[in-house]
Amino acid sequence: MLINCVAYQQGNKLADIPVSEIGNYLHRPDCFVWVALKESDDAELLEMQQQFSLHDLAVEDARHGHQRPKIEEYGNTLFTVMHMVEYTPTDELVVGEVCVFVGHNFVLSSRSRSSQNFLGVRERAEREPHLLRHGASFVFYALMDAVVDRYFPVIDSMETELETIEEQIFSPGTARQNIERLYALKRRVGVVRHAVVPLMEATGKLFGGRVPQVCERSQDYFRDVYDHLARCSTTLEVLRETIATAIQVNLSMVTIEESETTKRLAAWAGIFAVATAFVGVWGMNFEHMPELKWAWGYPFAVSVIVGVCALMYWRFKKSGWL
Amino acid sequence: MLINCVAYQQGNKLADIPVSEIGNYLHRPDCFVWVALKESDDAELLEMQQQFSLHDLAVEDARHGHQRPKIEEYGNTLFTVMHMVEYTPTDELVVGEVCVFVGHNFVLSSRSRSSQNFLGVRERAEREPHLLRHGASFVFYALMDAVVDRYFPVIDSMETELETIEEQIFSPGTARQNIERLYALKRRVGVVRHAVVPLMEATGKLFGGRVPQVCERSQDYFRDVYDHLARCSTTLEVLRETIATAIQVNLSMVTIEESETTKRLAAWAGIFAVATAFVGVWGMNFEHMPELKWAWGYPFAVSVIVGVCALMYWRFKKSGWL
Amino acid sequence: MLINCVAYQQGNKLADIPVSEIGNYLHRPDCFVWVALKESDDAELLEMQQQFSLHDLAVEDARHGHQRPKIEEYGNTLFTVMHMVEYTPTDELVVGEVCVFVGHNFVLSSRSRSSQNFLGVRERAEREPHLLRHGASFVFYALMDAVVDRYFPVIDSMETELETIEEQIFSPGTARQNIERLYALKRRVGVVRHAVVPLMEATGKLFGGRVPQVCERSQDYFRDVYDHLARCSTTLEVLRETIATAIQVNLSMVTIEESETTKRLAAWAGIFAVATAFVGVWGMNFEHMPELKWAWGYPFAVSVIVGVCALMYWRFKKSGWL
Amino acid sequence: MLINCVAYQQGNKLADIPVSEIGNYLHRPDCFVWVALKESDDAELLEMQQQFSLHDLAVEDARHGHQRPKIEEYGNTLFTVMHMVEYTPTDELVVGEVCVFVGHNFVLSSRSRSSQNFLGVRERAEREPHLLRHGASFVFYALMDAVVDRYFPVIDSMETELETIEEQIFSPGTARQNIERLYALKRRVGVVRHAVVPLMEATGKLFGGRVPQVCERSQDYFRDVYDHLARCSTTLEVLRETIATAIQVNLSMVTIEESETTKRLAAWAGIFAVATAFVGVWGMNFEHMPELKWAWGYPFAVSVIVGVCALMYWRFKKSGWL
Amino acid sequence: MLINCVAYQQGNKLADIPVSEIGNYLHRPDCFVWVALKESDDAELLEMQQQFSLHDLAVEDARHGHQRPKIEEYGNTLFTVMHMVEYTPTDELVVGEVCVFVGHNFVLSSRSRSSQNFLGVRERAEREPHLLRHGASFVFYALMDAVVDRYFPVIDSMETELETIEEQIFSPGTARQNIERLYALKRRVGVVRHAVVPLMEATGKLFGGRVPQVCERSQDYFRDVYDHLARCSTTLEVLRETIATAIQVNLSMVTIEESETTKRLAAWAGIFAVATAFVGVWGMNFEHMPELKWAWGYPFAVSVIVGVCALMYWRFKKSGWL
C-alpha cells in the first residue's frame, strides 16, 4: 500500500507525485524522491523495481520478508533491512520489518508487520530544509534513527521487568514464577538482540573506512546511530548476563529454602519421635512397672515428655534448625 | 552412477552427451558442460578426473567422503563440499554430502547418502536461458541455493519441536522426558550447525575481497547465499542457547517440585506424628489417668486430636506448605 | 553551572575570563582555554557550542547524557564521555558522567551526577607549567588520569568485600546472605566494567597507530592511561570470574550441608524408629508374653532398647553419619 | 637410536649412508637426505646438529622434549613438533612426540615415547618416485599426513565411548559410573585437542599467505593436512560440548530420580503413618470405647485401616506418586 | 638496594663500577652496563633515571609497583614488568615483581617482593662471553628466560595438587574438603595466569612483525620465550577448565550420594514403619481378638513381623535401595 510518494528539491517539498512520474523526477538535478510503502504486495514492489532499477535479489528479499537486519550494496544502491520491535498493549513483543532502498537521489521504505509509522520522520525532515538538502543519505539516517530510538523504550521496559523479578528473587515461595518470567524475558531479550546486533555490525561499515558512496557525506550521523546501537547492545548484554545469573541464583535460593525445610522437618520429626518413643515406653504391658501405680505417675510422665521435647526445641532453636 | 551429462551453449541445452565426448565440448567457445553423479564409484570419478583434469587431492576427498563443508581452490577449479540435511519419514536426521567441482566451463556435482536430488535445479535453469548464459558460476550458485534452501524446513521443524518442549517444561511430571528430548534436540542442532557454519565461512570468501576467478561476476548471488546461511546460523545459535537455558530451567523446575514435595511431606508427617503422639499418651498404662474413666473421655480425646490436626492443617495451608 | 573558565598561555594562567571572551582568546597564538561546567543546562551548552564551534551531535549527546564511555572525533575536535563511579557514604554505587570536548587550543569539561570534582587536577596542572605548556592534550590526559585513578579505590573496596564473603562461604548457615551479597556485588562489578572496558577500547586508539591530531604528541601519556584501564579491567575480570565460581561453590556448600542434614536425619529417625518398634512389641496385648510377668522384665526391656539404640548410635557415629 | 639414514636423488633411493657422509650428499644437486631417529640421546642430536647446521634453540627443544605442537622457522629450516596419540592395549591414552627438521634438501625426524613408526611412510614414498621427486617438502607432508591420520581412530573410539555412555545416561542407577567415565573422557579429549589445535594453527601458515620457502610448491598438500586437522578439531569440539551437556544432564537425571524417590517415600510414609495413628486410637485405654466391646470390632477396625490405606494408595497411584 | 652494577665490553666483565660512573661507560663503544636493584627506594630510582635518561612514566610505574606484566617502548628504551611467582615453604603463593629497563647499551633490573634472585643468570652469562657479546638484548632474554622458567615448577605443583584432589573426588565423604581445595586452587591458577598471559601477549611483539630495535637481532630467542609462555598458558588453561569441571562433578557426586542416602532412608523407614504398624495392631484393646489368647500368639506375631520385615529387606536389597 502506497503511503506517500513525494519529490523534493533543494530540501523543499516539490509535490506529491504519482508513482508513474517517479522516473521523470529522478532525472532532474538536485531533486530526490522519497517513497513510503506499507505491507506492499508483489505488484507494487515490481513497479518500484522498474522505476528505481532495483536489483532482483534485493527486491526478492523485500518481497519474501523475514530477513535478518543487514545493509547490502547493489551497485550504487543500498538495501537495508531493519527490525522494528514494540510491545503490544497486551504486553507481547512483536517484530516488524522495514526495508529501505537508498540511491543517490531516492529513498524507498517498505514496512510490514508493525503498527509504527514514519510520518513523524517525514514531518520533522520537511520542517528542516537545511538538513533535508543533504538528500537521500540524510533521509536514510533519519529513518534509521527513528527505528533505533524506538528500541530504547522496549529495552527500558525489559530492565524494569528484570528489576521487579530481582526484588522477588530473594523472597521465598516465588521460585516457580520467577523462573518462568526469567525464561520468558531471556527469550525476549534474544529477540531484541537479534534486531540490534546485526544492524550495529552493518552500520559500523557506514563510517570510518571504505564507506558506500551514498553515505559518504553523512558519516558523523551514521556513527551516531552506531553509537546508539552500541548502547542498546551493551544494555542487552548486561540484561542477558544478569538473567543468566538470576536463573542460577534462583536455583540456589530454592535449594537453600529446601535445605531449611529439611532441617525443620528433621527437627520436628525428632521431637515427635522422642515423644512417641516415651509414651510407647509407658504403654508397655509389663506387670512390674512401679511408676504406673504412682498417684502422680501420669502427670510426672507427661512432664518428663514435655520437658524432653522442650529441651530439644530449645537446642534446635539455638542451633538455628527451627 | 551418472544421472545426466549435458552440454550447454549460450544458455541453451545443446545435447545429452556421452562422458567420453566431454573433452570435445570443453574446447568449444561459449560452451559448458554440466554433469551430475550420484553415489559415484571410483571408476566414474577417475574418468571425470581425466575428462576435467581435476586435482588428485580433491578427487581423493570426493572418493573418501565424510568431509566437512568447504570450498577449496585448486588452480582455476573450485572444489566444494556441502552437507545435505533432511528428516527421514521416521523423523531421523540424515546427513548427505554433495561435492561440486566448478571450472570456468564445467560443473560436476556428485551427491551421496541423500534422497534429495537436483533435477528441479536443472529444469529451472534450463527454463531461464538468460541466467544460464552466465555459465558455470550461475549453475554453481543454483546448486548452493538449492542445498541451503533445504536447511530452512529442517531448522523450522527443530524450532517447532523446541516450542513443544517449552510448553511442557513448566508443567509438572514431564522432567525426565523433557531432558531426553532437549538432549536429543541439542545433538541434532549440532549436526545442522556443522553443516551450516563452515559453509557460511567458506561462502564469505566468494564475494567482497579477493574472489576466485570463476565466481567473479556472480558476487551478488553468492552474497545472497551467504546471507541465507547467516540467517540459518543465527537461528541455530538461538536454538542452541535456548536449549541450554531450557536444560538449566528444567533442572530448576525439578528442584522446585522436589522442594514442594518435601514441604508437603514435612507437613503431613508433622500432622500424623502429632496424632500418633497424642493417642500414645492415652495408651499409657498409668493407673491414675482420670480422663480415661470419664464417660465422654474417648470422644473428648478424639476431638482434641482432630482439633489439633485441623489447626495444624489450617496453619500449613495458610503458610503455603499444603 | 560554570565552575571556571580560564585562559592559559605558555603553560601559565593568564586570567579568569568571561564566557563571551572565549572567542578572542582562542585566536591568540600559544594560548588555550580550559572551561569546566557542572550539571550544565541547555543554554550553557548552546553558548559553549557557539564559542567553540562544537558539532551538533556531540552537543546533543552531552545535553542528553546517559552515554556509554567513548571517544569520538568530530573534525579536529575530540568528544569524550567518561563514567565516574564512587561509593556514597551509605555504600551505594553511583555513576556520574563527564563529557570532555578537546580542540587543539581548548578543553571543555562538563560533569553531571557526581560529587567528584576536578579542582585538584587544575591546581596540580597550574603548579607544573612545563607540563601545562603541552596544551589541551595534556589537560585532557590529566582529566582522564584523574577519572581513571578514582576507579581504583572503588575496585579495591569490591575486592575487599569479595574477600569478606569468601571467608564466610565455607562456614555453614550463611548461604542465603552470601548469595544475596554475591549477586549484588556482581551487578556492581558490571557497572564498573561498563565504565572501564569501553573507555579502555577507546583509549587504545589514542596511541600507536593512527592517532587523532590533538593527542599526537602525548601518546606515551595516553598509553599510560590505557595501561591503568587495562589493570582495572583485568582486576574486574578476575572479580567477575571469582564471583561466578563463588556462586557455584555456594550452591555446592548448601547441597553438601543439606546432604549432611539428610544423613543425620536418617540416623536419628532410624534410632527412634527402632525404639518405637520395640516398645510397641511389649505394648502388644497377647496373654502369653512371659517376659511381661518377670520381676525384672521392665528394666530388662528398657536396657535392651537403650542397648540397641546405643549400638546404632555407635555405628552411625563410626560411619560418619552423626 | 638411528633407524635409517638414506640419500635420494630424483625421487629414487641412492643408498643407506652413514651419518658421517651426510654432509657430502647434501652438496650434491637434486639430492636429499632423510634421517629417522628414535628416542635419540644427546650425542646423536649433537651430531645431527653439526651435519645439518641446526639452530641451538630447536635442538634444545628436541632434546628436552615435552614441547607443545608447533612449526617454527629458523632461517631456511623448519622445526616442527607433533604429538602422536594412541591407545595402549590396556586402553590408556599415551602421547608421544615427533620432532621434524626440514631443510630444502633434508628431512630429519626424531620420535620418542611412542610405539608408532614411520616405516610405512618411507616404503610408500619409495614406491612413488614421481612424488618423492618433490623432495623434502613432500616427505614432510607425508610424515604430517601419517601423524594426523592416526588421530582419526583415536577420536573415533572416543566417539564410540561417548555413545555408550549416552545410552546409559537415561537409565537409572548408573549416575556415579557415568560421571566418572565422562570426567575421564573429557580429560582424554583435552589431551587430543592439545595435540590437534596448535598443530592446525601452525599448519594454517603453510599455505595461502606468506609461506616458508621449503613448503612453497606443496601448498595444496598442506592445505589438505590442515583440512584433516580442522575435521579432527570440529569433532573434538562437538565431543567436548556434548560431554559438558552430558555431565549437566546426568546431574539432572540424578535430581529427577531423587525427586521421584522422595515422592514415593512421602507416599508410603503417609500410608503407614495413617495406619499407625489409627491403631494407636484403638490402643487407647479409655474405659468407655464402645467399639472395643463389639464382637466384630476387631475385624471392623482392621477393615477400616486397610480401607483407608487402600484409598490413599489408589489416590497416590492416580496422581503418579507411586 | 643496589645488588650490583657492572660494565661489560665485548662480552667480558670490565669492572664493578659505582653508580655515578655509569654515564661514562655508556659512552664507550661496544660497552654496556648491567645494573641490578632490589626493593629499590625512590632515591635510587631517581639516580638511575638520571644516569639512563629513563622516561618519567616508566619510573613512576617502577616506583609505584603492582603493575600488570607488560612491555612498553619509550623511545629506544624498553620498559618491562614481569611477575615472579613462587611457593613459600608454608605453601602460600607469593607474587613478586621485576621491572627491567633495556636500552641498546644498558640493562637495569629492579625486583621487589620476591626471594628469588638473578645471580645465577649473571654468572651463567659471564661464563659465556660469546653470547654476552650480543649485549643488552641477550641479557634481557636471559632475565626473561629465568623468570619464565620459574613458572614451570609452580604450575607443576598445581597439576600435582589437582591430581591429588581428583583421586579423592569420587570417594565419598570428601566433598566439602574437595570444594574448598578446588576453590583455592582456582584462585592460585588465576594468579599465575595473570602473570603469564599478559607477558605472553607482550612477548609476541618481540619477534615476527615490527620489533623494537633493541630486540631485533635476538628474535629467535624471544620466540623461544614466547613458546615457553604459550606452554605455560596452555597448561593453565587446561587446569582452569579441569577445575571448573571438577567443581561441577563434585556437586554431582554430592547429589548422587545424597540421593543414595535418601533411598536408604526410605527403605529403612519403610521397614520400621511396617513393624510399628503391626505391633500397633496387636496393641489395640478390642475384647474379641482371638489371636491374643492363643498360646503361641506372641511368637507367631513376632514371626509375622520379622518375616514381613525380612521380605521387605530382601526386596529393597534386590532393587538396589539398600
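A few points about this structure:
Should a chain be cited, it is by its letter among A, B, C, D and E, assigned in written order, with residues numbered from 1 in that chain.
The working rule: contacts are C-beta pairs under 8 Å (C-beta built on N, C-alpha and C of every residue); 3 or more make two chains touch, one makes a residue touch a chain.
No experiment lies behind these values; they were computed from the predicted model shown.
In summary, the chains found to touch both subunit A and subunit E are C. Least step count on the touch graph, subunit B to subunit C: 2. Between subunit A and subunit B, the centres computed from C-alpha atoms are 25 Å apart.
A separation of 40 Å divides the Cα centre of subunit B from that of subunit E.
Contacts with at least two other chains are made by residues 248, 251, 255, 258, 262, 265, 269, 273, 276, 280, 283-285, 289 of subunit D. The touch graph of these protein chains is a ring, one cycle where each chain has exactly two neighbours.
From subunit A, proceeding by way of subunit C and on round the ring, the chains are encountered as A, C, E, D, B. On the subunit E side of its complex with subunit C, the touching residues are 55, 57, 61, 67-68, 70, 72, 74, 173, 175-176, 179-180, 183, 186-187, 190, 194, 198, 244, 247-248, 250-251, 254-255, 257-258, 261-262, 264-265, 268-269, 272-273, 275-276, 279-280, 282-285, 289, 291-298, 301-302, 305. Remark: subunit C residues 170, 220-221, 223-224, 227, 230-231, 234, 238, 241-242, 245-246, 248-249, 251-253, 255-256, 258-259, 262-263, 265-266, 269-270, 273-274, 276-277, 280-281, 283-289, 320 touch subunit E in the complex.
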